[in-house]
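Shared between the two complexes below is chain A, which pairs with chain B and chain C, respectively.
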Partner chain A sequence: MNTRFMSSRLVAATGLWAILWFAPLRLALERDMAVHMIVQLPLLACVGYLLAVALRRHEPHWIAQGDWLGIPGLLLVIFATSFWMLPRMLDAALADPLIDLVKFLSLPLLVGLPLGLSWRRMPLLGRAFVWANFIPKLGAIGGLYLAAPTRLCAYYRLDQQAVAGWALIAVAVALGATWFVVVFVGWPAADGEAAQTCRAPQEAA
Partner chain B sequence: MTRGFFALLGLVLAAGIAALYWGTDGFRVVTSEGARELAVERSPRAVPDVALFDQNGHAFTLADYRGHTVLVDFIYTRCPTICSVNGDDFQRVLTRLQKNTGDRKIDLLSISFDPANDGLPALQLYGDRFGAEAPRWRIAVPADRHGLAALLKTFGVVVIPDGWGGFVHNSAVYLVDAQGRLVRILDPDASEQLAVATERVAAQ
Partner chain C sequence: MTMAATATRSAISPRAAVLAYLAVSGIVLLLMMLLGLTMRLAQAQWINVQPDFFYVVMTMHGAGMVGIAGLSGAAVMWHFVRRHVPVSTAIFLTNLVFFLIGAVLILGAGFIGGFGAGWTFLFPLPAHSGSLWSPNAAASYLVGLMVIGVGFLLLHLDIARGILSVYGGLGAALGVKQAFGLAPEKDGPPPAVTASTMVLIVNILGILFGAAVLVVSLVNLYVPSFTFSALVAKNMIYFFGHVFINATIYMAVIAVYEILPVYTHRKWKTNWAFYLAWVLSTVFVLTVYTHHLLMDFAMPTWALVAGQLISWLSGLPVLLVTAFGTLTIVYRSGLKWNPAAALVFLGVAGWSIGVIPAIADGTIAVNSVMHNTQWVPGHFHTYLLLGMIAMVIGFMTYLTNPQPRYGFAWLGFWLYLGGGIIFVLAFLLAGSESVPRRYAVHVAKWLPYDRMGSVGAALAITGVLILVARFFAGMRAAAYAEDPT
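Presenting the complex of A and B:
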């Protein structure tokens, strides 16, 4: 990987982060529950993924050694995403800019970055396992949002919660369909790797 | 597989479980609503001594309620849904408490968080609608903006626009004991539980 590639990824990552943190956009994305969950949070994870692509070569030896099959890394991703799926944490991020900053740091560094580092190490079967768990759960959470008679977040209305539920189900269906195509039909440019969002161009290894 | 793997795995597991434990108050709550109910139950908080005026235009402060148990709810009189339900619940609780506890000092207090629209006439109308008579049941509005902000903060009330010119707010009934401490946050729909909890606190 050449330095120009690395620095352009770093610029993209920090640029995206700064744009998302920019107050008018940040507040606009957080005004609606569905946009907050389905646009802002994944974009923050993308910032970390870009960082991982840029800094892969400089990954400390002990991480590369210890992250066997990418399992600890993926586990970290699962914990960090679960944490920010707690409705009270969404509320806390809206009520307190400091918590929002914690969100803005932890989603790139504890979700996107470990995902970008560990995913390559995970064997195909492991990736399939992760997708096969992630997609139905996303849909199930969407269904729960629709079924909940009360508001889960103090800062969002019940109708916003229903929209978020439908949106989660839509994302789950879209991901499921994509996954189906990738597995059973094949990804045009794939070299044995499942496709995913915000993937950086393959580096010439 | 290396020793580094187990160290890393252990670290991630420990930190992850600790974070989720902290974030759910020991795996007990996932919503901020549940969190505030639990927090109040664990450590009652003193309510600020805010100045208000009621449906008769009578000025009073929360400190005037020392020695009384008070059931507080937050309303805005234009509210088409939940506040009316709250009003009905309050009415029922009041009837039951009057029957059961006789002269024990239990009062109701409905506080409006919409001072822009809830002047004296609006408070009076709302009071008449539910048969509220001060001082046993006051329909009140904070005298100033700072008082309102202090109340909302202490009670953990979050008010957001409903998109139709009204408001959405977390609806609950707040039990304040004779020492002026918020001791319980209760579900307004469970009027039986509400009355039982109130009688218990009042008997202390």
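Presenting the complex of A and C:
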């Protein structure tokens, strides 16, 4: 990885962050609950992920060693995303520019960055387990948004809340279907694995 | 080096881990059978059980039996699939630990907290106990299920990882190309891999839906104003429940594919029909659950019609190729019958016979009359008690029988078979007379069936006790032995 690669990722991350912070776009994305949750928040996490890609080579040793199997990093991601899933925090971000700034800093630094660093350290089984938990929980949260008897956010109408609920369910279904198709069809085996087709098991046994 | 040898290292050997699963399964199976006997004795008015406690016992019996069917089925599947793909013993044992933690939470919910909403925890019943149990007791039950689900999810994901590392995709491991004539049959995956792939596909999906509805139920428990659609919740619960209990049979049937060839000295032949059957059953098991909701008038008509049509077909593909394969592999093979072979053979027979009353109940016109009668426990006990459990006990006997001395085992076999037949016939006969199921108190006219069922249950339990005791006696030696060949 050369300096140009790192610089381009840093520029992309900073640029994306600046565009998202740009007031007209920020207000437009935050105007609707579904867009706020499903577009703006993940894009902010993407900023952090790009940072991780750029800085991966310069990651301090003690972080890499302490992040056993990527579990501490993923726990940080889960806690930070759970925090910003609270309707009260969405409200606070809309009401107070300072809280909005905290959101703009914490999602890249406490979600995207650790995700980008820890995900690669996590074994395949752990990644599958995270996906398998994330997808149904997304659907369940969408269901709860639909089931809520009152508005969960003071700044969003009940119909916007319902749209957000359906959107979360739709994302869960799309992710689940994609995941299923990928593992069912499979992916091209790398180099030596190519020969390990259906005949391998009989030889192994 | 075999695939098994490349599996993750663990302090406990893979074989010892399988034996640990089976030991837990044997003990819990007997305890749950005793709970079942308690219910039949209470209905027969031979013992006195308070109705509220009856429903606690019914809930624990249902949850315990479904759980132990899953656990013992997983032991069969894992034991044989690890011959072909690398799997982790540590993850396998983690599932056992999660299962035991979940079981403690569930038993506590029932016997301490008085939770008696049925193993299906139908929304919103856990939150409407009529003061018979507290929200904490219901939460303990739901969290217990979640913990068990997490363990099974890890296990299935690990097997999926192993299968993908060898086959590249689940479609290849299922034998989709062979099923549709796109690849030579001889290059198809072994039966254990095909069956395990089907099981992990359906069970992962089932567990994910189950987890989602458990979260919703937990929220409703403590914030009752969150009222989820009861019909959607019921669909999700029965999707999860139907898939999970069906998968136990598909896991256990691997014992038939692997054990009968050992004793008949013939190979279990796989061809395009075998693979096609498993592909079709994968689709059917995922889509047939609506036959549990045939009495729900609020369901869309098309879903109920689909439920009826698919339930006529659902179990048949795999059942037909397995039953046909069983008969052909045994016929004129010179097989010297032993309890292990007899038990797995009985398992196929019990499964085949039990499906017939089940298909009858899957017909809307019949279901509207029979579904709330003892016909239903009649059919599911036939293919679970005399089908799935027979395969598992056959596997236990197979593992602990390198030097057979079968006297006691045969006694156990015949008591189990005779008692089991009496027991399931009592349910089916009572069902045909419209005796309702899930009633704690029975009227005098129904008592003969209850007493017949009690006698049958007692005999079957005695038989299983002998077979399980024999397993424990041979367990230590089996830990260091090789599989019979």
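Here is the rule we use: the second predicted complex is superposed on the first by the 186 of 205 C-alpha atoms of A that agree within 3 Å, B and C clash if a C-alpha of one lies under 4 Å from a C-alpha of the other, contacts with A are read in each partner's own complex, and residues count from 1 in each chain.
Here is the rule we go by: a residue touches a chain if its C-beta (ideal position, glycine included) is under 8 Å from a C-beta of that chain, and two chains touch if they have at least 3 such contacts.
None of these values were measured; they are calculated from a predicted model.
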Contacts of A:Ile19 with chain B and chain C, given as first, second, both or neither: neither
Partner chain in contact with A:Lys137 - chain B first, chain C second, else both or neither: second
Contacts of A:Val11 with chain B and chain C, given as first, second, both or neither: neither
Chain B versus chain C as contact partner of A:Leu76, first or second or both or neither: first
Contacts of A:Ala177 with chain B and chain C, given as first, second, both or neither: neither
Touched partner set for A:Asp67, first chain B, second chain C, both or neither: first
First, second, both or neither for A:Pro149, with chain B first and chain C second: second
On chain A, the residue positions that both chain B and chain C contact, one per complex: 150
In the complex with chain A, residue positions of chain C that touch it: 2-3, 83-85, 88, 91, 153-154, 157-158, 160-161, 164-172, 183, 187-190, 193, 201, 204-205, 208-209, 211-213, 215-216, 219, 225-229, 232
Chain B partner contacts - residues on chain A that touch it in the complex: 62-63, 65-68, 71-72, 75-76, 78-80, 82-83, 86-89, 91-92, 95, 150-158
In the complex, chain A residues that touch chain C: 124-125, 128-129, 132-133, 135-137, 139-140, 143-144, 147-150, 176, 180, 183-189, 193, 196-202, 204-205
Residue ranges of chain B touching chain A (in the complex, touch as defined): 1-2, 4-5, 7-9, 11-13, 15-17, 19-20, 23-24, 29-35, 158, 160, 162-163, 168, 170
